[in-house]
Amino acid sequence: MRAVLLRDLRLAMRVGGGFGLAIMFFLIVAVLVALGVGPDVALLSDISSGILWVIALLACLLSLDRIFSLDYEDGTLDHLVIAPLPLESVVLAKATAHWLTTGLPLGLVSPLVGLMLGLPAEGYLWLVLSLALGTPALSVIGTFGAALTLGLKRGGLLLSVLILPLYVPTLIFGAEVARRGSIGIELQTPLWMLLGLSFGVVAILPFASAAVLRINLR
Amino acid sequence: MRAVLLRDLRLAMRVGGGFGLAIMFFLIVAVLVALGVGPDVALLSDISSGILWVIALLACLLSLDRIFSLDYEDGTLDHLVIAPLPLESVVLAKATAHWLTTGLPLGLVSPLVGLMLGLPAEGYLWLVLSLALGTPALSVIGTFGAALTLGLKRGGLLLSVLILPLYVPTLIFGAEVARRGSIGIELQTPLWMLLGLSFGVVAILPFASAAVLRINLR
Amino acid sequence: MFMVLSVQDLCIARSGQVLMTDVNFELAAGQALIFKGPNGLGKTTFLRVISGLQPALSGKIHAKEDSFAYTAHADGVKPSLTVAENLQFWADIFDNQNIDTALSAFGLNDLKSRFAGLLSAGQKRRLCLARMLISNRPVWVLDEPSVSLDTASVTQLEEVIKQHLQNGGAALIVTHGHLDLGPSCKTVNLGEYKSNRAVYGDGAEAFL
Amino acid sequence: MFMVLSVQDLCIARSGQVLMTDVNFELAAGQALIFKGPNGLGKTTFLRVISGLQPALSGKIHAKEDSFAYTAHADGVKPSLTVAENLQFWADIFDNQNIDTALSAFGLNDLKSRFAGLLSAGQKRRLCLARMLISNRPVWVLDEPSVSLDTASVTQLEEVIKQHLQNGGAALIVTHGHLDLGPSCKTVNLGEYKSNRAVYGDGAEAFL
Amino acid sequence: MSLWEYANPVKFLNLSGRVLPWVALLSAICLVVGLIWGFFFTPDDYRMGSTVKIIYIHVPAALMAINAWFMMLVASLIWLIRRHHVSALAAKAAAPVGLVMTLIALITGAIWGQPMWGTWWAWDPRLTSFLILFQFYIGYLALWKAIENPDSAADLTSILCIVGSVFAVLSRYAVNFWNQGLHQGASLSLDKEKNVANEFYHPLLFSIAGFVFLFLVLVLIGTRSEIRIRRASVIVARKIR
């Protein structure tokens, strides 16, 4: 499992450009949102935490497609199925690699983006916390979607349509934690929900993904 | 050129799911934005036209990757280079196919999304018009980026980082037309700028893309 | 003789079409079987079924768990990793720390630090075959291994397989070309098992 | 005799490494050349240079414009189009409305309406070769055309090439196997032109 | 003799062929009675005027939209556990019906919302969660359409349906939470109205029954044609060698 993780990270670094590019991506999208919405600071600050969460979803989507498809096309996945390690751990390794190259950099850069969009000062801690708790769930759910659409070339849009509804609960609770944090009201409930959701998803969904992979490779 | 266009459309329909899925994608993203930002109608209506424009950009991004890369990987592009038709027209055909499967459905569904996000009634005409004028430019610019990153597997993020800055002028003028339209103030200047930009890009950039393709295939 | 694989009444299908029926054979340690048959007969499907990548329609396959190493038409090589990194990855997966013997067995030493995406077709094929040596698995399942290889490399490949057989391994090979593996190798014509029956899905009969 | 291609002092390179130097040959209408050479020598690069897909380092290639049709290692086949749709696309591109002769020449008639993604390796290769017939180009450039083909299909391929030669076409073929194309075919060993000189980038001299 | 016998496609075709006309008749009667009664023989509501009559389509459609998904969930579980083809095909046949029901509920709701709230659309939790349900249907159908091999498609869509159900329930809860404290949509809570107006309630029951039978009819027809399509393709596959 470590080997799969390391290899995926190395591939991501070498071709995707890794961290640096991911961070750039978030910054640019934030700028675009600012440009699209207009320069009204009050408005931007109201929507900042929500928009950051939506950006997190979209960044996931942009990279999901490639979680399995490259390995599938060149036959590597077949070898991994035969190899002496459970498919569940391959799935988990890939989800982890995905998180390390999207969720983590997003979490790191989110204060900066918050600053650009005028997030109130109390909001930073909660924004980062909500992203840290929520993005692992996004990666794991995304892996499930990628497994479902394995082998459908150009599955990009289909994948989005399958996955985005599954992202709804995470998004709502995550954005709610960040939003409430930024205006300083009680946020226990969404925080616990987010935590529970994330743990549940990470613990259970990889089994479903592995099952789906097996069906698809049949 | 017609053959390339038809084939790309057929491939998009058959695997990507075509129009229906593209339209769903826009709806879903709009829902996500609402879920992220919160249910406050006044707030949503302020950002609606800007968000729609940002969604247009992101939908382009999600599909750009595949404009050339599939044809490159399986060697089809080599054959197209040798074939008796200018590479410029291949580029234009591919940009057209891309527009027909992203820009067009977005334009069609934008009034509905506007409705959901509470766009003021005066805004619809201008929103649709700005998208109709602007999205062709997005597709052509995107084709240029896809040509640049040809052959870089997992080029997704790199492509985004290269392309998004090029999208800035189109975005600014397009969103400005839609925004001014929705609050009913004068919008001649951004409208003409958008029109000029779009024409210029469509007329000139395919040559650059073809040149870039030739260099990348060398 | 010690049997590493025995296949009884195997029946395989793909997309609702039965391809072969009643395939029976046994494979002993130290033995190789070369399968021949026309394009589209179902040889690839057959090897995938035996390796456990696809379910059989009916029949039994007896083999120890984790005994197969498989080489497919597709190379399974990552263009953006170097040759050594590609092999090292599989070495990690299979808990086998020595990639040097595999590299030198297929003459890849000079190419060690080149990106796999820059290899020529034959070099890539050799890299893909080198994985067999790393897997440490007793039964090698090879789908047209000699494709794109020049004559010298084919000889190298034959040597490697022979060595594997001498060490008590076994091999199932599909090829359209010629491979000389000495006396411990038998050729089987799969064309004899061809079937034309159609099924559709695994419960197709239910629909009639 | 009418020359369709003449190559003078050709020198080819890839990634800053000169692969072959001073290649000279002429190809007449009705003639085929088979090139042989070890893996990684640069045969694929050589064919790509001749077809105009890559620039040569130096030397001259004389041929009429648009005279080449090229078959590569990669199949260039769209898995989600049917066999007929795949060919029809190229027929549209080359303004040649008849795909039936191409289909039947490679025994693809029965597979016409199957998705190309479901073809076996050899069937896919045949589809890829059928494109040559559709292109109507005089010089066929074939990079290991017989890979994955069974013996019957290899014979079919030989027939098709011979027919093409008789109709005044010509062919450049790289193969590691054996193709019997009759008397109008010569074999060239490319290994003789091998070079080990390194250059770096085509403007490299400027930096020395 | 167990119920599972009817999981055999042939037996199912026989039985459903016999049942179908009667269910169709029943559905037609209930719908006609419910809708005519509701539209022409009930008074206008004192607050909502005649627009209240949309309720006879809106509410049954909304109920069926949810129940259709529930039926798909059960059928998917049966397919995964017992591998009866009919249940997989029934799930497939139910999806478009559920999708249309969802759409009807949303559209009639929107038409209703215009006079009631002065807007076509509001981010009310109920409406939002239906929009999300709509997306689940689309995803499910798109996956069926995208996969070639029918058995794999059945497996994958079943798993999607199960996982999706969990997330749909979570979403429903989340959406309720999301829009809790905001004033929007307070006027939607109709339970009070229900109690008030018994004369609306009885025709509504008829039209709900009519929608239930209609759903049954459509799913049976859909399943039967799916079975026939599969049978045809088996026969075709046999013919071509």
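Residue numbering begins at 1 within each chain, and the chains themselves are lettered A, B, C, D and E in the order written.
Definition applied: a contact is a pair of C-beta atoms (placed from the backbone, for glycine too) under 8 Å apart; a residue touches a chain by one contact, two chains touch by 3 or more.
The structure displayed is predicted, hence computed values, not measured ones.
Path length between chain C and chain D in the chain contact graph, taken as the least number of steps between touching chains: 1.
Taking A-E and B-E together, the pair of chains sharing more C-beta contacts is A-E. With centres computed as the average of Cα coordinates, no chain lies farther from chain D than E. Centroids of chain B and chain C (each the mean of its C-alpha atoms) stand 45 Å apart.
Separating the centre of chain C from that of chain E, both taken as means of CA atoms, is a distance of 49 Å.
Separating the centre of chain A from that of chain B, both taken as means of CA atoms, is a distance of 23 Å. Among the residues of chain A, those in touch with two or more other chains are 11, 15, 152-153, 155, 158, 161, 164-165, 168, 172, 218. Within chain C, residues 15, 73, 80 each touch two or more of the remaining chains. Contacts with at least two other chains are made by residues 132, 135, 138, 142, 146, 148, 175, 178 of chain E. Across the interface of their complex, chain A is touched by residues 11-12, 15-17, 21-22, 24-25, 28-29, 31-33, 35-38, 43, 46-47, 50-51, 53-54, 57-58, 61-63, 65-66, 70, 152-158, 160-161, 164-165, 167-168, 171-172, 175, 179 of chain B.
Of all the residues in chain A, the ones that touch chain E in their complex are 144, 148-149, 152, 155, 158, 161-162, 164-166, 168-169, 172-173, 176, 189-190, 193, 197, 205, 208, 211-212, 215-216, 218. Looking at the complex, you find that chain C touches chain A at residues 48, 51-55, 66, 68-70, 72-78, 80-81, 85, 89-90, 92-95, 131. The residues of chain D lying in touch with chain C in their complex are 15, 37-40, 42, 44, 73, 118-123, 126, 144, 147-153, 176-177. Contact residues of chain B toward chain D in the complex are 2-4, 6-7, 10-11, 14-15, 73-76, 78-85, 217-218.
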